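Across the two complexes that follow, chain A remains constant while its partner is chain B and subsequently chain C.
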Partner chain A sequence: MNFTDVLSNAFRGAFGPEAAIYALAAVGLNLHFGFTGLLNFGHVGFMLVGAYGVAVSVSTWGLSLWVGLLVGIACSIVLALILGIPTLRLRGDYLAIATIAGAEVLRYFYRSDWAAPLTGGVYGLRQFANEFFALNPYSSDLALGPLYFSARNLWVMTAGWALVILASLLVYLLIRSPWGRVLRAIREDELAARSLGKNVYAYKMQSLVLGGVIGGIAGALIAIATQSVNPDNFNPAVTFYLWAIMILGGASTILGPIIGSMIFWFLATFLDSFLRNATASGVIPPDLLSGPDVGALRFVFVGLCLLLLMIYRPAGILGDPKELRLDVR
Partner chain B sequence: MSDELINPSLIDAREEIVATEQDSARSEGAKRAAAALAGVAAEPGVAKPDAILVADDVSKSFGGVKAVRVDHLEVQRSTITALIGPNGAGKSTFFNLVSGFDKPDTGTWSFNGTDISGSPAYRIARRGMVRTFQLTKALMRLTTLENVMLGATGQRGERMLNAPLRWVWKGQEKDIEQKADDLIERFRLGHMRDEFAGTMSGGQRKLLEMARAMMVDPTMIMLDEPMAGVNPALVQSLLGHIQQLRDDGMSIVLVEHDMDVIMSISDWIVVFAEGAVIAEGRPDDIRTNEKVIEAYLGKRRALPTSQENEA
Partner chain C sequence: MRPRLMAIVAAFFLLCLTGVGAASAALVGTPTTANRPAVLTAEGDQSLKGTLRGPDGKPLSGVTVTAEQNGTSVGSATSNAEGQWEVPLPSPGEYTLKLDLSTLPDGVQPRDKGGEVLEAVVVRPQQQRTVIFPLVSTSQQQQEKAGSVPQSTSGPTQAGDQNEPGATGESGEGTTPNRVLQLVVEGIKLGAIIAITAVGLSLIFGTTRLINFAHGEIVTIGAVVAFWVSTSPGSLPLVIGGLAAVVAGGLLGGGLEGGLWRPMRRRSTGLIQMFIISIGLSLFLRYLILVLFSGRREKYSQYALQPAMHLGPISITPRDLIVTLASFAILILVAVLLQRTRMGKAARAVADNKDLAEASGIDVDRVILSIWVIGGALAALGGVFYGLTQGAVYWDMGFNLLLLMFAGVILGGLGSAYGAMIGSIIVGLVSQLSNLWFPPSLQNAWALLVLIIVLLVRPQGILGRAERAG
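Our next item is the complex of A and B:
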C-alpha cells in the first residue's frame, strides 16, 4: 500500500487535463443552469459537436486545426439554435427533454455507418492535433516531488486552465452587468422579467448559445488532448458528471465549476488509485474486488462523497446556503 | 375597544370625518378626471372622451368556463379606473389577456391608439403598459435594489455585446441606481435594499412589485390587488402615491376587493361578473347599482325584496 502514490495520483487528477476540460464545460453549463435556469441535460452534445468539428475538419477535409476549432464553435452555435428555437418559448422541461434526446441522437448519428465517411463511425478519428502539439513550449517533463506531468500534458493543462480562466472571467463580467441581471431575473421568474419589457426568449437563446460554445470548446480540447474522438466517449454520463461538478462547487457561483471539477477529479482518481493499490497489495482480498471492477466501483464512492457533501453543504462548496432558505410565498 | 367599534354613532361620526377629509383633499387630478368623465353615461361599454385602452369583443374560455367575455371596454386616460367583481369574475384573466400574458380566443384591443392585440408581453410593457401580478413575483435571489433596477428600460448594458464593457454602461447604471433608490425609499423598503427579495414578507413583496413596475416609467399601470396584505397605515400612503401618479398624468387600472379603498380613490369603476362587464360608472353610480349588489350578494339574497314588492 503506497499512500504517496495514491495521493500524488489524486493531485494529478485535480490539476490534470480532464479537470481543466470538465471545469471549462461546467462553466458553460453553469451559465445555462446556474445563471439562467435553463435545464440542459445534454451538455455533452455541445462537447461532441465541438470535438468532431476539429476532428472532421482536419482528418477528413484536410483543413488546419484552427479552422477546425472555428468549425466546432460554429457547430455548437447551430446546435444551440436547433435545440433552443422550438423549446425556449415553452416551459423549462421541454428544453430538458430536447437536450437529453438531442445529445443521444447526435451520438448515434456520428457513429452511424451513414456518417462514417466523415466521422469514422464507431472507430472515430485520430491523430489530427499535431499542429497543437507542434506549438508545445515545454521541452521536458515536469516532476515536482512525487507529482509528475509529461510535457504533452503540461501543454494541454496550460491551454485548458487558461481557457477556464478566460471563460470564467468572461462569465464574471457578463453576470455582473445589466445583461447578467436580466439572466438571473429570468432564472427567478420569467414572467416577471417579461412584465418589465425584457425579451426573455432572446436572452435565453443568447445564454444557450454562449454556454453551448463554451461546452463546444471544451469538447474540442478533449479531442485535441487525446488526439482522438470516439462517439461513445460522449455518452450521457459525461453530462451528469458535469452536473455533479457544478452542484458540488456551487451552481451560480463563478468559481464553483473550477473548484467542483478539481474536487471531483481528485476524488475520482484518489479512489481509483486507492482501490487499485489496495487490491494489488492484497489489503483488499482479490476475491472481494479485482482490477476490472475498480473503475465501476470508484464512481459508487464518488457518488457517496457527493451525497455527504450535499447533506452538509447543500448549496455546494462555494454556494451561499442562505439562498436555499428563501422560500416561495 | 370593541365596544367603541360597535357603537353606531361613533361609526357615523368617523365616516363623516373621512368624507369631509376626502372632499377637501380632492386633488387637481381627481377634479380633472371627474370633469373629463362628467358627460359619460354610467352604462357598460360606454365610450370615453380620451380612451387610452380600448378592448373589443375580448373573450377567453378555460374548458367550459367562459372566464372573460368583454364586448367593449374603454379606459379613460389619466384616471384611476378600478375593476371590481366577485372572486372568479375574470378580472385577472382580463389583465393577462390585454397585457399579452395569455392568448384570447377572440378579440382586439388597442393601447394609445395602436392595435396591440397579439403583441408579445414584453413589447406591450415597452410601449408603456405595465402590469403587476396578483400572486407576487419577487425575484427571490436578486436583492431588492437589483429587483427594482431591472425595471429600467433602454439599458445599454442589457445588450450582450456591451455587457462585458463596463465603461459603456457604468454612467447609465449610476443614474438607474439613483432612481431605484428613490423608489425604494418611497415604498419604504430602504432597510431591505441589499437583502434578497426572497427574505421579504408577503406585503413587502407587493410593495417591491409596485416599485419595480414604476421603474419602467409606464404611461399606464395595471395593478392586480396591490393592497392585499399591506398594513393599513401603509395602504393610506400607497393610495396617496397612486393618486399622485394619476395627478402626474399616469393612467391606473386597479383590481381591488376593499370597497372603502375603491370608493375613496377611483375616478371610474368597472364591475365584472362571470367574465362580462355588468356595470360601469362613478363610485356613486356603482354604490346604488342593483346589478352590482346582485352580483356580489347573489340572486337568492336579492330576490326576497322583489317578492316583497309583488306581495
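Our next item is the complex of A and C:
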C-alpha cells in the first residue's frame, strides 16, 4: 500500500480536467434544477451535441476548431428548444423522464449506422483538437511534490477552471438580476409566478437554453481534452454524476457545483486509487475484487452518495435547507 | 397480503413456469450442454472463435475461416467435427473475418448477402471473442430472412458488450406482408414482457405517486437470480430458477417498501426527493450487480437453442411462444386480481383517492406493501422472460428495459394498470415494426420518440385521467 500515491491521485482528481469539466456542466444543471426547479435528467444530451459539434465540424467538415465550438453551442441551443417545447409544460417528474429519454434517443442516433458518415458511429471521432493544444502556453510539466500534471492537462485545466469561473460569475450576476428572481419564483411556486403575469414558459425555456449552452461547452471541452468522442461515453450515468455533484455541493448555490465537483472527484479517485492499490499490493485478495470491478464500485459509490445525500442532507454541503423545497408543484 | 391471494399468485407463477419448461422440453428435447464449445486454447491470449452450424442445427466441419488485419492474413482455422473453429491472434485490435464460401457444404450459405465477411471485429486484450456466422440453406433463405430476429441472432455477437457494430442485422428489406406479420409477432412478444414489468411500475405510481427508477434493477435481479439458480452446481431446472427469481423480486419489492419508502413517506419527504433517491438506488443496485455478476453476457443454459416452428407465415421458437402466452396469462390474472379480489379493489381505491380510501377503512400501508411485492415479483419474472427471449442475461438489461417501460407506462397513462399493458404492447410493436424501415440499432430510439410525442399531444396518456400534468 502506498498512501502517498493514493492521496496524490485523489488530489489530482480534485483539481484535474475532469473535475473542471464536470463542475462546468454542473453549473449549467444547477441553473436548471437549482434555480429554476427543472428536473433535467438529460443534461448529458447537451454535452453530447456540444462535443459532437466540435468533433464533426473539424473531422468531417474540415472547419476550424473555433467554428466547431460555435457549432456545438448552436447545437445545444437547438436541442434545448426541441427538448423544451414539448416538455416544459409538463409536471416535474414527466419532464425528468422525457429528458432522460431525449438524451438516450440522441445517443442512439449518434451511434447509429445512419449517422456514421458524420459521427463515425460507434467508433466516434479522434484527433480534432490539435489547434487547441497548439496554443498551449505551458512548455513543461508541473510537479508539486508528489502532485504531477502534464503540460497538456495543465492547459486543459486552465481553460476548464477559467470557464467554470466565468460561467459561475455569469450565473451569479443573472440570479441577482430581476430575471433571476423570476426564475427562483418559478421554482418556489409556479402558479404564483404565473398569476403575477410572468410568462413562466418563456422563462423556463431561457433557463433551459442557457444551462444547456453551458452543458454544451462542457461537452466540447471533454471532446477537446481527450481528443476523441464516442457516443457511449455520453450515457445516462454522466447525468447522474452531475446530479450527485450538484446535490453534494448544494443546489441553488453559486459555489455548490464547484465544491461539489472537487469533493466528488477527490472521493471517487481516492476510492478508485485506493482499491487499485490495495488489490495490486494484495491487501485485498485479487479474487475478491478485480480491475473492472473497481471501476464499477465507483458507480456504486455515486449511487449511494446520491441516495444518502437525498435522505439526510438534500440541501448539500453549502445549501440552505430552507432555500430549496423539493416538491412537485 | 391475504393468504388466498398469495396462494393464487404463487400457483399461477408455478404453472406458467412449468408450462415453459414442459412444452419446450417436449418440443426440442432439452439441448442443454451441446452448445458449449470446449476451450481450445490456454487462457491469456486473444483469439476469435465460434461454432459453425448449418440451418438444421448440425455442426459444419472443414469450413475455413481467415482473420485479416489491414488486408493481410494473420491466421486461419478450419472447423472441426463439432463445427468449432478458433483463430489465435497476435495482438488485440480490429480484424476482418472471412468465411471461405468454397469450403461451405452445398446448399448452405450466409443468411445475409455478404455475410461471409465480418468487418471491424474488435478484440480486446486477452479476449476470446465468439463470432457467429448466421447460415441458412439456399432454398429456405427467403423464409429465414423474414424469420430472423435482428437483435438476437445476426452479426458478430460478443460476450459482455451490447454496443457492437455489426449486430445490426438486416434493414430496408421492404415490407413484405410476411415480414410485417413476423415483426408484429415479435412486437407483441416484446410488448407483453414490457407489460408485465411495467404493471408494477404503474401501480406503484398510482398508489404512492413515486416514479420508481429502480424498477429496472428488480428486472435484472430477477434474471440474474434465475441464472444463478439454474446454473448453480446442482444445475436446477430453469423453472425453479424462475420461481426463485419471483420470490427474490417479491422480497426485494417488499423490503424496499418496508425499509426505505415507508419511512420516507412517514418523514413526508418530497416526491422529487424520493424520485432522486430512487435514481441513486438504481445506480447503486445496477453497479452492484455488475460487480457481483461481472460484465459478461450470459445465456440460460436451458432452452437456449431451439429450432423455430413455422406457423403459416410466422416462425417462432416454442420458448418464445410459451413466454408470450404466459405473459398474457399473467396480465389477465393481474386484471382479474384488480377487478375481483378485495385487495385489488382496495388497490384501485387507493390509486383513485388515497385519503378517501384511508377514511373508509382501507389499510393503505398494507395495500401499498402488497403492490410492491406483486410489482417486484412481476418485474423479476419479466426479467427471466426477457433474458430467455433475448438470449442474454447482462447487468444493465433492466435499465435498457426501464426506458421502454416508462414509454409504455406514460403512453398508457401513469398510474393505470390497464394503460400500462396497452401502452407497453404499443411500445413493443413500434420498436419492432420500425425495423421495416429503419436500422434495428435505432429500434429503442423510436419507442422513446413515441414517448416524447405522447407527452406533447396527450400527456395523461391513453387511459390516464385528464388531470393537470404541467
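By definition in this document, the second predicted complex is superposed on the first by the 304 of 329 C-alpha atoms of A that agree within 3 Å, B and C clash if a C-alpha of one lies under 4 Å from a C-alpha of the other, contacts with A are read in each partner's own complex, and residues count from 1 in each chain.
To be clear about the criterion, a residue touches a chain if its C-beta (ideal position, glycine included) is under 8 Å from a C-beta of that chain, and two chains touch if they have at least 3 such contacts.
Being a predicted model, the structure only gives us computed values, none of them experimental.
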### Query
Touching A:237, do we find chain B (first), chain C (second), both, or neither?
second
### Message
On the A-aligned overlay, A:197 touches which partner chain: chain B = first, chain C = second, or both, or neither?
### Response
first
### Task
Check whether A:269 is in contact with chain B, with chain C, with both or with neither, and answer first, second, both or neither.
neither
### Query
When both complexes are superposed, which of chain B and chain C contacts more residues belonging to chain A?
C
### Which of chain B and chain C A:30 touches, first, second, both or neither
neither
### Message
Between chain B and chain C, whom does A:261 touch in the aligned arrangement: first, second, both, or neither?
### Response
neither
### Query
Once the shared chain is lined up, is A:302 touching chain B (first), chain C (second), both, or neither of them?
second
## Note on the structure
Where chain B and chain C land on the same part of chain A: residues 326-328
### Footprint of chain A on chain B - complex, ascending
99, 101, 120-123, 125-126, 130-133, 136-142, 146-147, 149-151, 153, 155-160, 162-164, 166, 169, 173, 196, 198-199, 201-202, 205, 212-213, 215-216
### Task
Show which residues of chain A lie in contact with chain C when the two form their complex.
39, 41, 85-87, 89-94, 96-98, 100-102, 104-105, 108-109, 111-114, 121-123, 232, 236-237, 240, 243-244, 247, 289, 292-293, 296-300, 302-311, 314, 325-328
### Task
Would you tell me which residues of chain A are touching chain B in their complex?
170, 173-174, 177-182, 184-185, 187-189, 191-200, 206, 210, 252, 322-323, 326-329
### Query
Which of the residues in chain C end up touching chain A in this complex?
120, 163-165, 168, 209, 211, 264, 269-273, 275-277, 279-288, 290-291, 294-295, 399, 403, 406-407, 410, 438-439, 441-442, 444-445, 448-449, 451-453, 455-456, 459, 468-470
